[in-house]
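Note that chain A is present in both complexes that follow, paired respectively with chain B and with chain C.
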Partner chain A sequence: MANLAWLKPARNKRGATTLIAAALAAPLALAAADARAQQPPIKIGVIVPTSGTFTANGEDALAGMRMYFDEIGNEIAGRKIQLIVEDDQGKPDVGLTKARKLVESDKVQMLAGFVSSAVTLAVSEYARDKKIPMIINADGGANELTIPGPLFNPTLVRFSQNGRTPSAAAAAFIYKQGWRKVATITSDFAGGFDTIGGFAQAFCKLGGTITQEQYPPLTTNDYGPYITNLDRSAEAVVTFLPGAGGLRFVKQFVELGLKDKYPMMDIFGQAVYEPNLPQLGDAALGIYSTLHYTPMIKTPENERFVKAYVERNKRLPSDNGPDGWAGAKGIAEAAKAVGGKVEDTEKFIAAMKGVKFASAKGDLSVDKYGQVIQAMYVRRTEKAGNDYVNVPIASYENVDQFWPFSLEEFESYKYRYAELKGSTTNCAKVLEKK
Partner chain B sequence: MGRALLIALIGAAAFAVLPALLPSYYLGLVTKMMIFALFAMSLDLMVGYAGLASLGHAAFFGLGAYTVGLLIVRAHVSEWIAFPAGVLAATAGGALFAALALRARGSYLLMITLALAQVVWGIAFGWRTLTGGDDGLPGIPRPVYFISLAGETAFFYFVLLFTGISALLLAAIVRSPFGRALRGIRESETRMQALGFNVWRHQFTAFVIAAGFAGLAGCLYVYHNRFVSPDFLHVVVSAEALIMVILGGVGTLLGPAIGAALIIFLEDFISSQTQRWLLILGIIYVATTLYAPRGIIGLYKEYTARKKQR
Partner chain C sequence: MIWVIHTLNGVSFGMLLFLLAAGLSLIYGLMKILNLTHGSYYLIGAYAGSTIVAKTGSFALAAVAAPLLVAGLGAIMERFFLRRFHLDELPQTLLTFGFLFIFADLCLWIWGGDPVLLPKPVPLASSISIGGSSYPLYRLFLIAIGLVIAAALWGLQEHTRIGAMLRAGVDDAEIARAMGIDVSLLFTLVFSLGAFLAALGGVLGGPIIGASPGADFEVMLLAFVVVIVGGLGSLRGALVGGLLIGLLDNFGKVFFPEFALFTIFVPMAIILSFRPTGLFGRA
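Coming up: the complex of A and B.
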């Protein structure tokens, strides 16, 4: 769900050169084959959008994956790694057709990538039937995929965030700041309800109250009415406005003179998404956001990652870059653990659920349901020289998918997030038990 | 007539042996082609024969699809009821839309159908608790009608059966006096009116029949994909269906079916080869409009006509 929009031109000129290189290298490879018995390659089908709204996310994840596999020489346990990339256009039926092609025609041993949650949900059904390992490492935040229930997929591991954890982190941070009453403004679509529902549940549990909820359509051009309508008794404003919405909102929030009076928490960092920052300029300063990554994290792992990423791609990574990298590393570690026998789905997935490693995002491990356990960062937009950046000011380590709840407590609530639209101001209903 | 029957029989036989020849992925792709062929043919009845241009045909495709999906996932109804209910819902939706839209003609009709379809899309997109919003409804199993249709081969025959019968029905409709009257209306409404034909009733009937077949295609597509999403209802799907009809040849039935198969194949094939596939597809569309304005069938007819002249 994070970081929508911003079309970037697709680029891939590798086709021809790879072919020539392959032709030249073929005799060499044959010679080398004598030394070691030739093993068939590990084929990974990567389904990401490389056209349409989510292009930037897909390309970042793919860049992260390629970076890791290049680091290890594109080989695991004596088997070459072969990536076959397909464009899902952000449409679930296209994604499914591509998954069928990859599995049935290209004979890939696993599927990876996935940005849009609709595509992820559609492919998950198919992958579960075919017992094909599915690695989500681009976005694909649908909560239900890793929670026991009808949509749960036992052969799936997600190395990117699920939908609700950045919301829970936002609630924890706001409460810690001493702000007890907040007003929310959320885009009117499925992802929006999941995000704000997750926030409401965590915030109510802590003892906070939502005094007002507003749902402007995704395509809103003028946020003026929503801003002037804002409940003045609120101590902070919580937003989830993907696409161009966040950008417009912040500009008008400043113009109407309210930004200095109300702290703003931007769940998932949609408004302060890095490509937006130059356009927002000083307007973005001081906005809080929560996400599982920011390029400004001060760890050796991240500094090395960011440097290599910028060298390769000539831009800063979004959260999808390290997600892609982490998924690739997860695949490699698990494949090593099973001696390269990735065809044994059960053992391979079991091994992947046991991986533990440090990454640009922080330390990662996987829970038994296949969701990565990782840090959540609270960031604040600041000025560094001439650039605007999201600086981490607080973090929550080892956040699992149900955090701050346990699975049992999480499942004991009566209403699912989407059902809470229109009643998040009523904490009694939000926290009603089954 | 004998020759047409022979061709139809040979065609059916050729399709029947496909599962033995094709690997499962390509069989799935042919299944998808057949579903969209049916969808494009239903639109051709409206556009090509009744002369009613529509940019909202995906609404009926989606109405059928969502009815099946909702009944199975939310209401746990038997597939024996859900499937016909889907077709019925699309037909009923067609009747409602026709009643509202048939006051307009030409580009105004395009706009009204587009607007009505967007309403349906808006409901599917916005009503999160019922329809799942933009995540759609996953988890719809392939049905069991006497035998399980979970396998690609069984499902292929299932779709072949429905598409085949529908194609024959549509062909019969356009050759019937009703179909001829439709073509008359397309050429000149006032003249047909003067001849005593009830123009509105003919157009209404054509609209509803087209909606019903589009709904059938939608129901089949749900089972094919095993999920529904608002994308099924999107204006892009309506526009794509129009392109299929135009590319194949307006008012030929066979043409739109070929157009549908070709576009599905090109989308799949080219997008696997290059990331610039949208550009290539665009060039093909432009080239068709410039050099084959009457579609593939038109091109073929011109070719045979020229050969005869010689």
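Coming up: the complex of A and C.
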């Protein structure tokens, strides 16, 4: 895309619109009894899908954000908090248009939300050019945004997971179980290669082997051929099948009689995603999955969060709920640290990279590249009363984005994850150095 | 033994494809309408079926009631919309394209975005052992029911008065009308029958493919491939095409997994280059 930055209006014009905006905001501020509230509000533009396939993910993140801001009375350092929510419909072009609208006509001071990786990548480029703080506190997991490189965005902080850490946790758990040979089944798309590449790298490093890799297209209706074709010498099956695929796969895995014979690790918990569990029923029992959250975590923070969340939204939170909450708290803590002056982007972002707090997900801190450091949970689907739930059975604490590697080691490998498709059975290539 | 399993996989999926394609083929054969709403009938059938199963617990009721509902929907579409553009292919196709989006949004609104799989009827939920590997009974049932429906449709077409009228209409609608056949009623009937079959495919395919946003497009694409391979307007073509595509898809994915996206389209292209009207199509 051509860079049209030189076309933007002259500085004085922008100053004039700010004045008008302030004038328009003034009557609102007067209504507040607190004299300090006369300061202009902190405007947060929230970009999430509120229509289309990923509606629930977007609504969960938004609900988590609203919960936190309500807890603190929707005010930070004497400034009211105003959320302006826009629907990206899960489409990058729509997301980018909405980001422009939020920044250029609503004059928001920061952008938050982001479920789709494609939307996240599109908006990040824009936000980086405009030096608008960007807070990812929903699914948007593109690894590259917080890793030094061409897509790195210094004004971005992510309070949710990146793409590779649930894979690395899955590799660590499988190895610890004593399973050394696994077969993988991954949806054939960019996110799938990132996920399984991350798994292969971590698993090879530990000394395990992938004996077979299969890539059914995202639109696969019938997983019969893939399941029948499964390498019978494998000790476990590792899957990453988002959307309806995970659901179809598990059902057919059971029917073809293989689920009892092979432990299944569902990276990111796509098949055993909570809304799927009632439909899967007993078919889901015993499936392992990795993620940075499950509503079943037994800590006071999480129990309080889940209770409040269920009261408010009448359903259990997915990982997006606490992600949304954590992002909101990150914004508030950083804004407090800079005395409410969020317009000073550099100081505000620096303050956000220094936050540390407890959350429903566990203890959180942020690394210098803007990715949250948090726990990763291994869950197993079990039956509790009449409900099916993902119970945490193991956890890895303080998982940073390069875990279990250092940045130096991570960068020393020759191949990017997407380039490993078709070669993950060859550990020598997976671990080849530059 | 594993090849028996692969073959059964392919045949059962092929039977499902036949159900999905038969209605599309019937409608095109008689009315020359390329019905892009066909996948939506599947989707509505599957969703409505899941609701009926959830409310009543009866899979059999779902397999009758959901297709009837969708048949009614088809009749309304034909009577009040498509009829206005009789034999005018472009407006008809565009109209069905518009309905596709309307139905997709309606489904999202009513049933939400979470994928739904229908539970199997209890007597068919178990697996049997074939040469040491277990195989789901339901897939064998699909093969049986596919054959039954193929036989019923063939009987209807060849041995009943309606079938004779249908064949006359396919050969020459104008002359059939002149001979006193109520072609307009026939059109509505056939259109609803096509919708009925697609929705039945939705309920029967519900435990395997399920319903989710976008499944309407996927199913429509599959049905079109089957119909194009088998020959537009031919029931026999839909059956043979369905089985052929089901088997080719299955073995293609086993032998050439890296071409999984094309296992359906490459055979289609090859068949079309030798027989442009499909296996049983008429020029």
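Everything that follows uses one rule, which is that the second predicted complex is superposed on the first by the 397 of 434 C-alpha atoms of A that agree within 3 Å, B and C clash if a C-alpha of one lies under 4 Å from a C-alpha of the other, contacts with A are read in each partner's own complex, and residues count from 1 in each chain.
The rule we apply is simple: a residue touches a chain if its C-beta (ideal position, glycine included) is under 8 Å from a C-beta of that chain, and two chains touch if they have at least 3 such contacts.
Computed from a predicted structure; not experimentally measured.
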Chain C versus chain B on the shared chain A, clash or fit after superposition: fit
First (chain B), second (chain C), both or neither touched by A:D188: both
Touching partner for A:E419 - first (chain B), second (chain C), both, neither: first
Which superposed partner A:A122 touches (first chain B, second chain C, both, neither): first
First (chain B), second (chain C), both or neither touched by A:P225: second
Partner chain(s) touched by A:L256 [first = chain B, second = chain C, both, neither]: second
Partner chain(s) touched by A:G243 [first = chain B, second = chain C, both, neither]: second
Partner chain in contact with A:W325 - chain B first, chain C second, else both or neither: neither
Which superposed partner A:A56 touches (first chain B, second chain C, both, neither): second
Chain B and chain C, minimum CA distance [Å, superposed model]: 5
Residues on chain A lying within both footprints (that of chain B and that of chain C): 51, 188
Interface residues, chain C side, partner chain A - complex: 2, 5-6, 9-10, 13, 108, 112-117, 119, 127, 133-136, 138-139, 207-210, 212-215, 218-219, 222, 249-251, 253-254, 257-258, 260-261
Residue numbers on chain A that touch chain C, as the complex places them: 51-56, 188, 214-217, 219-222, 224-226, 228-229, 243-244, 247-248, 251-252, 255-257, 275-276, 279-281, 422
Sites on chain A touched by chain B in the complex: 10-12, 15, 50-51, 86-87, 89, 91-94, 96-97, 100-101, 103-105, 117-118, 121-122, 124-126, 142, 150-151, 188-191, 193, 418-419, 421
For the chain B and chain A complex, residues of the former touching the latter: 23-26, 28-29, 32, 125-126, 128-129, 132-136, 138-139, 221, 225-227, 229, 231-232, 267-268, 271-272, 274-278
